[in-house]
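Quick one: structure below, then a few questions.
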Amino acid sequence: MSTILESVDVSKHFGGVKAVNHVDMKIEKGDIFGIIGPNGAGKTTFFNVCNGAIPATEGKVYFNGELVTGMSLSQIASRGMARTFQNIKLFNYMTVLENVKTGFHMHTRTNMFDAVFTTKRFKRDEEYIVEEGKKIIERVGLTKFTNVRAGNLAYGIQRRVEIARALATQPEILLLDEPAAGMNPNETQELLEFVIALNRDGYTVVVIEHDMKFVMNLCRNILVLNFGTKISEGSAEYVKNDPKVHEAYFGKGATL
Amino acid sequence: MYVLQQLVNGICQGSIYALMAIGYALIFGVVGLVTFTYGEIIMLGAFSAFYYFIVFGDNLILSLLCGFVVAGLVGIVVHKVCYQRFLDAPRYISLIATIGMSMFIKNLAIIVFGSTMKGLPLFFEGQNLVIAERTIDGVRQQLSLTYLQVVVIVTVVVLSIALTLFLNKTRIGMRLRAVSQDRKAAALVGVNVKNTTLLGNCIGCGFGGIAGILLGLYYNSIIPTMGGVAGLKAFSAVVIGGLSNIAGAAIGGISIGIVENLGIAFIPNGSGYRDVYAFLFLIIALVIKPEGLFSRRTGTV
Amino acid sequence: MSIRKLPVLVMIVSLLLVSATIWAGGQNEADGAQADGSAPIKIGVAAPITGNWAEYGLGFEVATAMAAEEINAAGGINGRSVELVVMDSKGDAKEATAIARQFSDDDDILAVVGDFSSTCCMAAAPIYEEAGLVQISPTASNPNYAGLNEYMFGVMGVQSAEGPFVGEYLLGNYVGAERVAVVYLNNDWGVAAKTFLIETAKEIGIDVVAEENHVDGEKDFTALLTKIQQSNPDTICLVTFYNECAIIANQVAQMNWDVQLTALGPGASEQIIELGGANVEGFLTSTPFFATNDGVSRASAFKTDFESRAGFTLNVHSACAYDALNMVAEAMRNSDVLSRESVRDELAGMKGFEGVTGPIEFQPAGDIVRKYLIVGIEDGKWVQMTDYSYAE
Amino acid sequence: MKLTNKIKASHARDYRSVLFVLAAAALIVAPIIIDATVHKSSYVIDIMVRILFYVIFASSLNVINGYSGQFNIGHAGFMLIGSYTGALLSTKLGMGGVWYWVAIPISGIFTAIAGFLVSLPTLKLRGIYLAIVTLGFSEIIRLIAMNWTAVTNGPMGVKNIPKIWLFGLRKTSSPMVIYYIVLVFVVLCLYSTYKIINSRVGRAWMSIREDSTASQSLGINVNRYKAFNFMLGAFWAGVGGALMAIYYRFISADMFVLDEGFNVLAMVILGGQGTLVGPVLGAVIVNLITEFFRFADEYRLVLYGLLIILTMWLRPQGLAGATNTVLAGQAITQDSSKKTAVDDGADA
């Protein structure tokens, strides 16, 4: 197995606050990787640095061996990294299908002239994205919501739409930011199975969570952050038994 | 000397802009919405003083108070009509409502006040504060300020400081700031957001009224259509200053004044380009610092 | 945003268009019913009654209404009374053209007085030409305006007359200026006037040491004045409106600058004294017409009457509007068979018309060469300094 | 079940296409009928032409404000550039008559380039900051047109703009002829906007409008698409401006003051931005209303101001009911409160 995403000595400072402090990370292709930590540990910040949403103060990020620090979110996205957002960022006033269609942006080439003159390329692209889009919607089990406006959907379903939209970019790696937040146990369980299925289809998945149980059940390898610093990294089993992790979550002397 | 005098001219004119900008910044900070009615508030303040002088005689301080009250009251109406319903809606809605309001007030004012330009009594007439004077080749050069200019500059400084103190030291001021920073959080800690917003807008408009009177006195002319340019300059100054920053708005206003006057001073026959200098300065400033030159917090969209 | 809405859209638009048509058409037909020999003669008045130029537009409205009343009180035009159709152009050229079309469409309208700004007049000009309808503007001062076509007339007076008058007689003979700084309003009129003025001034050996423009609505002239002060002029000549003249005079006074102020264009407006107070003492300007409230002359009676009606002081623009309407009426009286064409011909050929603003006689292009007076402010009052023969 | 649906759908489609054809026919024959039946028609047709001009202006502004969520309040600047380009090409470079058909797209392209230049400093800016830059740009352009006498004739304006060539017709600046010329461009403008909006490009714009971070995460180059967006909006504003020049045959800088831009903005918002129908409706209603309010004499603009406020109270999302965009008024309120509830658990 080869490394797909790697961070070397990454730091992010906001003014004087060191939100992320010299973090190294290595994610193997095909893995389900978890980043955990208590609230305010800098998980999302680290995540945002990795995919280019915010620039790193220091350090380097490699994606498939290519140095991607300094690239924008969209540049990194075009290299095959897709993500969802902690506070869902759907295009609320577009339908589910339109959301997914937008996800195909990188894989179509229609420009304004094609659109105005209904060229072959326009027709081919539209056909392609409708067909593929419907497949993806079916894949996430939302066929009956195809033409519903995304903003009108229930929370758990919106999460799935977001994943569907991310899948439409045909990524190699999928970054999920707190996918289980706000879900009930049933929905969480469904999500768990869904992510495992995705992974089986060949997607490398990175999950940010503070729900330990969810992560332990899902992820093979885990990185633990606290106050912006890496305190532990390894297999789920290893992390589970790492006293430093216990300390971070429950204070000194506690056990999981 | 010439450059210095032009600089002084710029500062004086800038301080008028600054005066208008202070009220705007307060309104923007508390209400969080762009308004195009502010120019008309300035105009109403000026006209209230005009009628005050006619009815009660020439008392500058009392007329300022009168302008403050009148503009503040109009501010309440504007608030009820243009902002209150639209506080959480997309901004352009209240923006259009303020454009409608501005059209309404301006044209009504033309009918009620008459369309011609009117003069205000001259205060401090003909008294100059000559700082330096010299004659070169028969050309007299001087560095001087009129007393009215001094009054305006002092008012700007006093009002900026007073307002900043008010916002930072008093309970009401703290509430205003809380609402300005985060409406929802303020509501959570028990601030009556609705009334505080109204109050903030009211005070802001009051300052607009005072600015209007001084503007009228400074140029000794008021006309119902004076609000357009005034409002635009206030808006520009506030944007340069970082939107809700009181001191920033004042400095923004003064810097616009300086840029305009220096532009006129050094570009041959360049007076016609006055607004070009101001807006180019604004655009360049925004390109360098997209959130305004003196903003501390990130702006909201 | 789906294709479904497209036809709905087209439907709505066409429905609205058609209903508007029917509404407007119905209106017009109602108007058309009374075109017999005793019906009133209609004259269109286009002016900016709302918007930023309302100050002037309202003056037009009052002045033309006065003229019409006087005409009607004196028995109308050959027994027919005059009716004004006043339309607000807002100072917007697009509205001005719509008004032009409306006037052109209405066969009862035989002439049009207006508009205020040259832009509005010039945008409307081709429409009036097509309809063969006279547009006589009290104020349009773009040098290209009157020559646009044979139906355009202007009573403001060409700048090729006033500019040289101010240059040679006001600045040269009367003031004896040696170093002049010119401040002009940057619009069509201002540029034309100052060009002629400077040309003449240079010819007679006056040194024009500075030339600065300002935009309409400018209030702060300190930078500009400080700048021209550097070139040490003994006289400043302002080519601008009366409001600006007063503001400039105030700012010159604030600078403690002792310099002769002269002007081209504002006329003997009371506004200057009202706004400038003591600061405009000694102010000199050229004017085509001068009236005081002493009630002696016709102009003076007009001025008093106007001011009591309008509630604001008379300016030269409104006086020109009054004359414009009277000229149209005169042309109608002179017509054998009254028609749009006859109004044009009679206007073009009119001789010896005496208006409140002085004698008016059109040149072939449709504009007029006026004669000018020099007036000045003494003890807070306008005083006539020279008479019309000064320039002869 | 499926079959009946299909039948229903096809019925609906037939019904709609019949409506469409009828409506289009009405637009085409309307001026002819008016000319034949109404005695004094040129005024009415003039108003119709003006409406069509504003349909172009409002729709082009809607491309910017409505679809990509950028906030342009200085549209008059673009109109000015298009108008002056057309006017100067035809008066100074002899591109009148038949060549004006070339000058129109050139004006559009020239304005689009200006749109691109404006979009450069504004890519980093959002909301109010963007708004004031567009406003400043509009004033700068106007003052340059007014002061740069050598090229633009300065305050004198551009007069005697030649008529356009149209199959040897003589009166090509008459309202009737211009009506059809502008109608063609209105159709082109609306059709192309419609097609673009429903394509990859349009979806990219709307995604930027709804959430620009999310749209970046899909690999959309937000800056590039914002620039495209400004260029398309400016293009049509320029074309509209160039058409205006051959109708009025005289243009000057004071036809493009800020208020003109606000006026177009008011049309877009009153009609409902972010919809294709909205700006069209806005242009029709605002123009008819301002004509209709003539009875009010000097109270005309007072009434108009009131009407604007009233519309915002009653239908903040605009008349065309743009409830299906993020720009819709009331709907957004509930949504944003829901979102903040989630934000509370935000990470560092």
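The letters A, B, C and D name the chains in turn, as written, and every chain counts its residues from 1.
In the analysis below, a contact is a pair of C-beta atoms (placed from the backbone, for glycine too) under 8 Å apart; a residue touches a chain by one contact, two chains touch by 3 or more.
These numbers come from a predicted model, not from an experiment.
*Asks:* Among the chain pairs here, which one is joined by the most contacts?
*Replies:* So the chains sharing the most C-beta contacts are C-D.
*Asks:* Relative to chain A, which chain's C-alpha centre is the most remote?
*Replies:* C
*Asks:* Give, as an integer number of Å, the spacing between the C-alpha centres of chain C and chain A.
*Replies:* Here the centre of chain C sits 70 Å away from the centre of chain A.
*Asks:* Using mean CA coordinates as chain centres, what's the chain A-chain B distance in Å?
*Replies:* Their C-alpha centroids are separated by 48 Å.
*Asks:* Please compute the C-alpha centroid of chain B, do the same for chain C, then give the distance between them in whole Å.
*Replies:* Inter-chain centre distance comes to 34 Å.
*Asks:* On a C-alpha centroid basis, what's the spacing between chain B and chain D, in Å?
*Replies:* About 32 Å separates the centre of chain B from that of chain D.
*Asks:* Residues of chain D that contact two or more other chains, please.
*Replies:* Chain D, residues with two or more chain partners: 143, 146-147, 198, 298, 300-301, 324, 326.
*Asks:* Can you list every residue of chain C that touches 2 or more other chains, as numbers and ranges?
*Replies:* Each of 50-51, 54, 58, 186, 213, 215 in chain C touches at least two other chains.
*Asks:* Give the pairs of chains that touch; include all such pairs.
*Replies:* The list of touching pairs comes to A-D, B-C, B-D, C-D.
*Asks:* Within their complex, state which residues of chain D touch chain B.
*Replies:* Going through chain D, the ones touching chain B are 65, 71, 121, 124-129, 131-133, 135-137, 139-140, 143-144, 146-147, 258, 262, 265-266, 269-270, 273, 298-302, 304-309, 312-313, 316, 326-327, 329-330, 332-333, 336, 340.
*Asks:* Within the complex, which stretch of chain D touches chain C?
*Replies:* Touch list, chain D to chain C: 16-17, 19-20, 22-24, 26-27, 30, 34, 37-44, 46-48, 50-51, 55, 143, 146-147, 149, 154-157, 159-160, 171, 173-175, 194, 197-198, 248-252, 254-255, 274-277, 280-281, 284-285, 288, 290-291, 294, 297-298, 300-301, 324.
*Asks:* Quick one: which bits of chain B touch chain D in the complex? Just the residue numbers, please.
*Replies:* That would be residues 34, 36, 81-82, 85-86, 88-94, 96-97, 99-108, 110-111, 184, 228, 232, 235-236, 239, 243, 272-273, 275-276, 278-280, 282-283, 286-287, 290-292, 299-301 of chain B.
*Asks:* Can you list the chain D residues touching chain A in their complex?
*Replies:* Within the complex, chain D touches chain A at residues 191-192, 195-196, 198-204, 206-207, 210-211, 213-222, 228, 232, 324-326, 328, 335, 339, 342-343, 345-348.
*Asks:* Could you pull out which chain C residues touch chain B in their complex?
*Replies:* Answer in residue numbers: 50-52, 54-55, 57-58, 186, 211-215, 217-220, 222-224, 226-227, 229-232, 243, 246-247, 250, 253-256, 271, 274-278, 311-313.
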